[in-house]
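What follows are several structures.
In the two complexes below, chain A is the common chain; its partner is chain B in one and chain C in the other.
For the complex of A and B:
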């Protein structure tokens, strides 16, 4: 799920950036530092959308670096148990398949793939129904339900299922 | 189930509901009686013991039945929307079915991904095999591995294939660090094939890894042919990055290996290889490797390869004083080299396994087939060794003796008329002279080793025992295990 929230961060800035563009420098450094990272509490920071407030800078003794407390608005993405996500399949193997929804890696085990879909090995491993009408392979887009999440300091792992109504392939790269 | 079919769907609905409720309550009380004991057992382990009474009765019913019931309910609810009682029941039922689908007590936790069960999503610690070659966080329990192995083997056998595990270094290719190259190899820099053209090329310079790699002659044909008969894995003691890079050179179109590349970083044990990560029954796996010791528990699956030393650094590493192939500006023969010989063996094994043993589907074992094929090589030879073993050494346990027996020859300690070959280092011994007098073959021990590596009886004339050459060192060169 995406959230638009306000976060705060203390930014250390080198004295060489002080000047007319201090604020711009601060913002671009913030973007570089924060976007794409992951925190256990909020999930992935997808994008910074605005700066709420830059607090008073505090000069550090000895180094000349200045610490600014910055409040910024950002879009974060955090998967939840029970959430329905759309994801792109990245790898298919005997144990199931891996899919990615943006930065989140999701594993769908073969226990959670409908029983009528069977694994086919070969140069393009895939899960296919017996009549061949539905196929999950690399680059397929699937709709899945998250049944478990673990959020690390830097990564988020999810377990997903497509064994439920209205879940499964939503776009097959081979047919388009 | 009878509920679904028996209860007439009418528009009034409320009567049906009464019936349904009655039936259902009956069913519940039945369950309660049946499962009284079980419930007590579970109650201690249940996390929600206070509300367990209701939940347990729900959980004891098959999921499908409950789902069906709730479907019926929904239909009826739609018909009799005004009935508020029905609404409540629908909600209860849906709740019950959702609680059953995530019921943790039924899950056996067959494996984990990022420390979560791959089936129920709960946080668990699973002990089992780490499939780090697929994803570093994947861990599959032993029972599940056995199940996967079983189903996978069946499907592979159905496609008339077996498994083949390939080693990289000294088996399919030879690599050296650029800094380890000797001046005589400088000419190689002019012969490098571009990495884009790895389908035909065989010599590559991987500057970003500071390496030069030479593929063994015939390897392209070998992989192409073998892929028709085998599911192929790469298993190397090199690190992951190196393994993937080599896989790219060998398999530029990614037809053969896919994610089936196992490297040192993935294996559990150092200095050893195991078939844990190979999803095939051991009775259907062949291994191609140049080192026997890394496969302590799968020697029977192993086809030992003669080491491929192209670069001088590789020869030095194994302590050979001779010039390497690169220094001699030569290479293994394309069509009579080790890979071509092994491919023939693989073809034979495959043929025997699927054609000659087609009727014994359940008992076929590739290890037995391999043994039979090997036993044919020196069939009918009766070998006597002369001054090959130290005099006090128990001859039967010498590796040459064992090797000869594995190759189908019979060994003897004394000469008699049935002997066909005398293996000796020195033509001056009594047995050697006897061989010459009686017109028997007199060969070097290399003859046996050669047969072992090339899987065929080599012409004896090529291994004459001469008195003037220092035979010891000659034998050493060809016998890395000695």
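For the complex of A and C:
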């Protein structure tokens, strides 16, 4: 789910960036440091939307660097347990399938796929119902529920299920 | 297998579900979970600790693969709480519907093309993925109207996170809403009618999708 949030960060700036363009340099550095990062607290920082406040700089002892507390608004993407997402399948194997929703990877184990769907191997591995009416393969769109999350170094990884009501395939690429 | 995924007992090394465990001050026992913070100044302030404590204790109870009725009811309570918890966890955050996020992120991309004089500012991969995802799931022609209509449910006790899930799911019926957002089931009698009205109002605002079956 997307959130619009205010975060605060202490930015260190080298004296070479001081001068007329101090604020612009600070904002550029903030964008380079923060956009695209991920943490467990607030998920992926997708984009910075604005700067609320730049506080007074404090010179650090022993170096010439100055630390500025910066408050900024940003759009973050953070999945939560219990959330319903629509994701695109990226890979299918006998253990389950991987799907992607925005910057987040989700794995759905075969134990959390309805029992009437079976794995079919081949050039295009897929899960199909016994009557062939519903198929999950690469590029299929599925609606799933997040049942667990984990934060790695630079990404958030989720476990999902399609075994509940109103979950499953939305769009089969072969029928379009 | 049980219908809902909670009954499935996963090995210990697999994922755990709570945001609290991702806190940098509590490194995972397995050493797998790493809190990513930028090396220089990792001081992003957030009032998170109280809610973390609650969620981790409830997750520990649920994570043991409950079989007894008492434990099962506790784990059932835990799941609905998670979506409500995100209101407490991200106190200063505004929950965005995918269509709202698409508008904001598209606006930023339009600005970036104007400000692209600085070649060192490149939009990260997560930006493009976020934009693509939000645009694909932006299902309404008028986001402000949808927001206004669904915000009327707040007076019946629906929180922002639940409103976003309802908007993003584009449900056809109230039955679908209660199935997808189990935390609303306890208020079914109160919410049934206003929810029906809200869904009727937002249905015509959906974009017509030629690829839908």
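Just so we're on the same page, the second predicted complex is superposed on the first by the 170 of 176 C-alpha atoms of A that agree within 3 Å, B and C clash if a C-alpha of one lies under 4 Å from a C-alpha of the other, contacts with A are read in each partner's own complex, and residues count from 1 in each chain.
Quick note on the criterion: a contact is a pair of C-beta atoms (placed from the backbone, for glycine too) under 8 Å apart; a residue touches a chain by one contact, two chains touch by 3 or more.
Keep in mind that what you see is a predicted model, and the values were worked out from it rather than measured.
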Give one of first, second, both or neither to describe whether A:102 is in contact with chain B, with chain C, with both, or with none. second
Tell me which partner A:139 touches in the superposition: chain B (first), chain C (second), both or neither. neither
Touch test for A:47: chain B only (first), chain C only (second), both, or neither? second
In the superposed arrangement, does A:125 touch chain B (first), chain C (second), both or neither? first
Please indicate which partner A:147 is in contact with in the superposed arrangement: first for chain B, second for chain C, both, or neither. both
Determine, for the superposed model, which of the two partners chain B and chain C contacts more residues of chain A. C
For A:116, using the defined touch cut-off, is the partner it touches chain B, chain C, both, or neither? Pick first, second, both or neither. neither
Is A:2 touching anything from chain B or chain C once the two structures are fitted on A? First, second, both or neither. second
Now for A:81: first (chain B), second (chain C), both, or neither, which partner does it touch? both
List the residues of chain A that touch chain B in one complex and chain C in the other. 81, 109, 111-112, 147-150, 152, 157, 159
What residues of chain C sit close enough to touch chain A in their complex? 1, 3-6, 8, 10, 14-19, 21-24, 32-38, 40-41, 43-46, 48, 79-80, 82-83, 85-86, 90, 92-98, 100-101, 104-105, 108, 118, 120-121, 123-127, 129-134, 136-137, 161, 164-165, 168-169, 171, 176, 179-183, 211-213
Touching residues on chain A, where the partner in the complex is chain B: 81, 91, 93-96, 98, 105, 107, 109, 111-112, 119, 121, 123, 125, 146-150, 152, 155, 157, 159
Chain A-touching residues of chain B, taken from the complex the two chains share: 102, 110-111, 113-123, 131, 134-135, 137-138, 140, 148, 151-152, 155-156, 231, 254-255, 258-259, 279
In the complex formed with chain C, which residues of chain A make contact? 1-12, 28, 31-42, 44-47, 49, 67, 75-78, 80-86, 100-103, 109, 111-112, 115, 143, 145, 147-154, 157-159, 161, 163-166, 170-172, 175-176
